[in-house]
Amino acid sequence: MMHNMTTHLQSKGSTAVPSTPILSVKNLNKSYGDLKILKDISVSIKEGDFLVLVGPSGCGKSTLLGCIGGLTEVTSGHLRIGGADVTHTDPAKRDIAMVFQSYALFPNMSVAENIGFGLEVRKVPKAQRDEKIKQVAELLKIEPLLDRAPAQLSGGQRQRVAMGRALVRDPKLFLFDEPLSNLDAKLRVTMRTEIKRLHQRLNASIIYVTHDQIEAMTLATKIVVMKDGVIQQVGTPREIYDTPANIFVADFMGSPAMNILDAKVTMDGSVARIEIAREDGQPPLVLHDPAPSAGIVKRQGAALKIGLRPEALTDLGSRAVHADQHFDCLLDVVEPAGSDTFAVIRLGGAEVTARLHGDADVRSGETVPICFDVTKISYFDPQSGERL
Amino acid sequence: MQRSLFASIALYSAALLLTLFTLAPLVWLLLMSISSPNDLTAVPLNWWPNEVNLSRYGRLMDLNEGSGQRFLGALRNSLLTAGGATLIALIVAVPAAYAFSRRGASLALLFAFLATIMMPPITYVLPLYEIFGGMGALNKTTTLVIVYSAMLLPFATWLMKSNIDVLPVEIEQAAFMEGATTAFTLRRVVLPLALPAIAATCMLSFLVAWDEFFYALIFTSDLSAKTLPVAIADFSAGRVTDYGVIASVGVLATLPPAILAICFQRFIVSGLAAGSVKG
Amino acid sequence: MSAISRSREKWVLLLPAILVLSFITVLPFFQTLWTSFTDAEITAREQQVNWIGLENYIWALTDPDFLDALGRTLYFTVVSVGLEGVLGIAVALLLNQQFRGRMFLRIIIILPWAVPTIVNAVAWRLIYHPDYGALNSLLLQLGLIDSYTSWLGDPDRALNMVILADVWKNFPLVAYIALAAMQTIPGDLLKAAAIEGAGAWKRFRSITLPWIIGPMLVVLILRTIEAFRVFDIIYVMTRGGPSDGTKTASFYVYQEYFSYLRSGSGASYAVLVAGISAVLILAYYAGVRRDQRGA
Amino acid sequence: MKLIKLMAVTASTTALMASAAMADTTLNALFMSQAAYSEDNIKSMTSAFEAANPGTRVELEFVPYEALHDKIIAASGAGDDGYDVVLFDVIWPAEFAERGFLTDVSDRVAADLTSKIFDGAWTTVEYDGKRYGMPWILDTKYLYYNTEILAAAGIETPPATWQDVLAQAKVIKDKGLVEYPLVWSWSQSEAMICDFTTLTAAHGGVFFDDGKPAFETGGAKAALDYMKTSLGDGLTNPASLEYFEEDVRRVFSAGDAAFAMNWTYMNSLVNDPAESQVAGKVGVMSAPGVSGVSEASAVNGSMGLGIPANSPHADEAWAYITHLTNQATQEEFATLSLPIWKGSYSQSAVTDGQEDLVAAADKSIAVMYPRPLVASYTEVSSILQKHLHGALLDQTTSEEALGNAAKRVARIR
């Protein structure tokens, strides 16, 4: 049964031409009067992609989802789903399903009726409808709840019902609008895993909006980072994490955030010499990057911003890859977090977080050697914030 | 919080005074309707009837001998006009309210709707009289139903709009997403959610239509269409020496709205409050 | 849903309402407006209707009886709506207290409002009856008056007596709205104010009143609209008498139409009444808005 | 769904009514619900008519006199749904005829009737040489007095002049027999104008002279002064300013007044023990005159029956009117309203038991004074009502009141 279901859900996608993106957004703009919410958005996903739209609140990610879903009218640009232009198509005719932040269950209908609503609209015969509802309920483990009213369900159960309603119709594309934000922290993690499992099992194409970068990192096959209605970067979680396109992405993705500091970069042959000012009249700290990106060469001698993930600043411990590039640093604050110990250091006019081992025996006020992993350095233009 | 004795006395006195002020005229109307004519013309009055006299109610219900034809005819007309107008107003107002609330229809238009009820009926009555007269539609219940539904419509639209505004929009979006048409969504999702508001709007509209006098006075001329208010006005100004009869007509005409108002009080208050608080 | 289909759908949804209102209110209004510039009359004969410009308006504005009727209507409106506002808020404050019988009082208070206006008028006419009225009997038995009084026989008093009847019927609506609004005031807010040492009046003035003023504005505007068009209660209680002491604007227009049969001139009166009604509502709204900002 | 049902019901009801109208003729007739014939009288007359005319049904509608005029106007636009027969007051034919609300029935009235019916009755339906209906109620206001109270006051003969009325009232008041000996219908209404007209006629006054208001001085002013004096001296019940005819009857029936002005219908009702506590103690006479000016006074308060211009059933309506106004019908119901037929007053069916009323009528009909016969009468009357009322309420003097009224009347458009 379950097997049938799964293959059935997959079957539609597999017939599509592989090269055609399941969704493509071209030069999409959305304004309310003079207020531009979305600026020239272009993005596309392939069948089976799990695309996460992430960004701070007000960045336009939910509006973009609304445009894709057809709940919001676009000002200009094009939307294609499965190759068909749906820019001005009714949400009903886009072959998509959506899971809302508030779940948006119909309070006057039972769980079964909620799940079967889309089928009822399509006038699917009752018997067939019931069969599908049962399959989905099994899949989501909510069979015992089918006769209940939404008001009688817990948050997690409602969440499942909302997903059930989306799944039962087997649409081309699923939209999730911050589906976990109303759940408590623990449930959120459980559901996150479950959504991921569901995605893998059904190979569904999903667009998922969240402001939580951890959710984005864990779930996505492809992340779109947005700010002020503009796409900052599109990439796999790895790309986004390792090579953020700009300071904003660097700062937004990852926790604790990437450290951004002022530095002066000069070229010494093919090696970049990075000079970082320190406080209290100590001599500047100098790192050497043997393989800097090409952009740096042109900018040598200039003041730049460099970005270093906390895990690029570690204690000597076992991982002394570039043992030569370590410096004694004064630990301003030490925050043990179990698996890791975070330490705040003042460097380059900023508070910099270093990620030490969980069992590192250090205290605030101590001076310990910190090892810098120069291969992980990102360089940014201090004016535009763009990656160099 | 503990109240002082003085505050308690003041509070209960105020409550008592309010009860008296509210109930006295009603109780008196009821007493008049069952008092003998002699008790009613005593000076000073016999407040409590010497005997209970229900004969007037009997006469009002008697189709053959008494005033039954007049009274019951008017009652029927009032029920038909108020009920019909409420129904039509609701059927027309709900989609309009939805357009204002969810389809971005200009609020200026809603204000234009409301402006139509701000005009005194006297502004419309003569042209309407001529139009309906020209169509041979005066003195017809249907005509009153149409006029009343126009009278109820703006308020009903506004009330429904304010109430739909506070419904979670995502639920409707979910329905659209699931492929439902607007009509289907309205019927299957919005209306069930707005049921309390609909009940309130129905009650209020019904009461307003039940109360209407001016159009009815001018547009109706006989038993086939006269509503209760007009019948009562005629009744009370004619050759009536027994005030108890007038009182009993008054009591009977008050019963339907009073029962509705008490039974659906919660709806009325919440519906109105939503309307006015939201503005 | 596409912009086009969505906006088309908007008009489909609105169409029935627009049709009904256009035919029953908008067109008639413009017809009245047009008629007001003519010398049209109500007649069963063929009539030559002439455009006479502003003549009707000039006539109306120089007609002292009409101006009196307007003044009276204004008085009726201001006094009864004012009393309803004050009484309504007072009653709401009372019903917002904890006391035995509160639920009972909350329920029965809706009754006057449910009484049809005509019944209300008839009932109060009986209560005010000069010979057998309950009011006379009550006041006499309480020793407040020496002999029966003709309550509706004196022009000034008659209007006030009509106002009393109107207030009795309409204060519950105002009280209900005020109460509903008061119940949304966060208890903490009042408690905090009490702890800060604000007295009952201060709490009312600076918390309760500003909180409920929005809803109150709406209901009082509604009442103003209704009061300004007052007709039925007058028609039944006094028919405009004594000595025109209760002849209000609507009654005046009604008379101009159906008693004197001058539809052109009646229409100009009607337009003026409508205009003043509109101005009144706007002024009211502006005034309270300013007060709201001031507070 | 419900709407459809409702519409279906409405439609079928309408269809039912329509089919009934096909088979039979239904006449809608409008009457007033006070003074003259009672509803029961009219129902009986109508039943007799329906019995004699199978196929014709009459729906009766009763409205207060105060609403009658406006109702006739409002129904005039109702086409086939209006009235087929309406009762109208003597003061309206000018207006109704000029505006075409009433059907000219001059050709329908048999020529031999002219001499058989009182001239005063004919004026009720005539305008500009044409007849717009049949007179039906030949009425005027009489002076009723309570014989018991007069006797108790030691008054042996009823008043011969209006001055006598005040003098006798004063005696009665001084003796404490009733607090207010006089009661009138002086609410701001046509009823007050009728009393004012009676008094104006008694004092030799006129309303108009050569088309111009002439009531500021002379008899009309004397009439208003008389009314004011009676109020000022506490002889007239002050509540009269709120009273209509029915209130007057009630007060007089309760024995709370010694004198009352009212229409014919009161005679039989105040003598009915079921309705009155003064039954058998009532005298009725022509309203008196003023010494040196008049012997008696009366207002023409007659009413007629006409056919509205929009009636589709003029023939049947005329048959109904003929039935209501014929001599036999009127003689059968002569207690509340006296016949229009000269011949009736010698019939015992009419005179028996109300000899004094018939005698008074004899005298009054001869002096019946008309209210102004102008097309704008309704407005003239309401202007007078307002200003007279103001004077009676002591807001203005008689001169001011009448002067202002005259100015306002002159300004009528």
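Letters are used for the chains, namely A, B, C and D, taken in the order the chains are written, and counting of residues starts over at 1 for each.
Criterion: a contact is a pair of C-beta atoms (placed from the backbone, for glycine too) under 8 Å apart; a residue touches a chain by one contact, two chains touch by 3 or more.
By chain, UniProt protein names: B = Maltose/maltodextrin transport system permease protein MalG; C = ABC transporter permease; D = ABC transporter substrate-binding protein.
Owing to the predicted nature of the structure, the values given are computational and were not obtained by experimental measurement.
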Chains touching both subunit B and subunit D, listed by label: C
So which chain is farthest from subunit B, going by the mean of the CA atoms in each chain? A
Subunit C and subunit D have mean C-alpha positions lying a whole-number Å distance apart equal to 36
If you average the CA atoms of subunit B and of subunit C, how many Å lie between those two points? 16
Roughly how many whole angstrom separate the Cα centroids of subunit A and subunit D? 93
Need the CA-centroid distance for the pair subunit A / subunit C, whole Å please. 60
Got the subunit A residues that touch at least 2 other chains? 70, 90-91
Would you please write down the residue numbers of subunit C that are in contact with two or more other chains? 1, 6, 42, 131, 148, 258
For subunit D, residue numbers touching 2 or more other chains are 66, 74, 250
Which of the residues in subunit A end up touching subunit B in this complex? 69-71, 90-93, 96-98, 100-102, 104-108, 117-118, 121-122, 165, 169
Spell out the residues on subunit B that touch subunit D in their complex, using ranges where they run on. 41, 80, 83-84, 87-88, 91, 129-130, 132-134, 136-142, 217-219, 221-224, 233-234, 237-241
Residue set of subunit D touching subunit B in the complex reads 2-3, 6, 10, 14, 17, 28, 30, 32-35, 38-39, 59, 61-64, 66-67, 71, 74-75, 77-83, 246, 249-250, 254, 275
Which subunit B residues qualify as touching subunit C in the complex? 11-12, 14-15, 18-19, 21-23, 25-26, 28-29, 32, 40-45, 47, 91-93, 95-96, 98-99, 103-105, 109, 113, 115-128, 130-131, 146-147, 149-151, 153-154, 157, 176, 182, 207, 210-211, 213-214, 217-218, 228-229, 232-233, 236-237, 243, 246-247, 249-250, 253-254, 257-258, 260-262, 265, 268-270, 272-273, 275-277, 279
So, in the complex, the side of subunit B touching subunit A is made of residues 168, 170-171, 173-181, 184, 188-189, 192-193
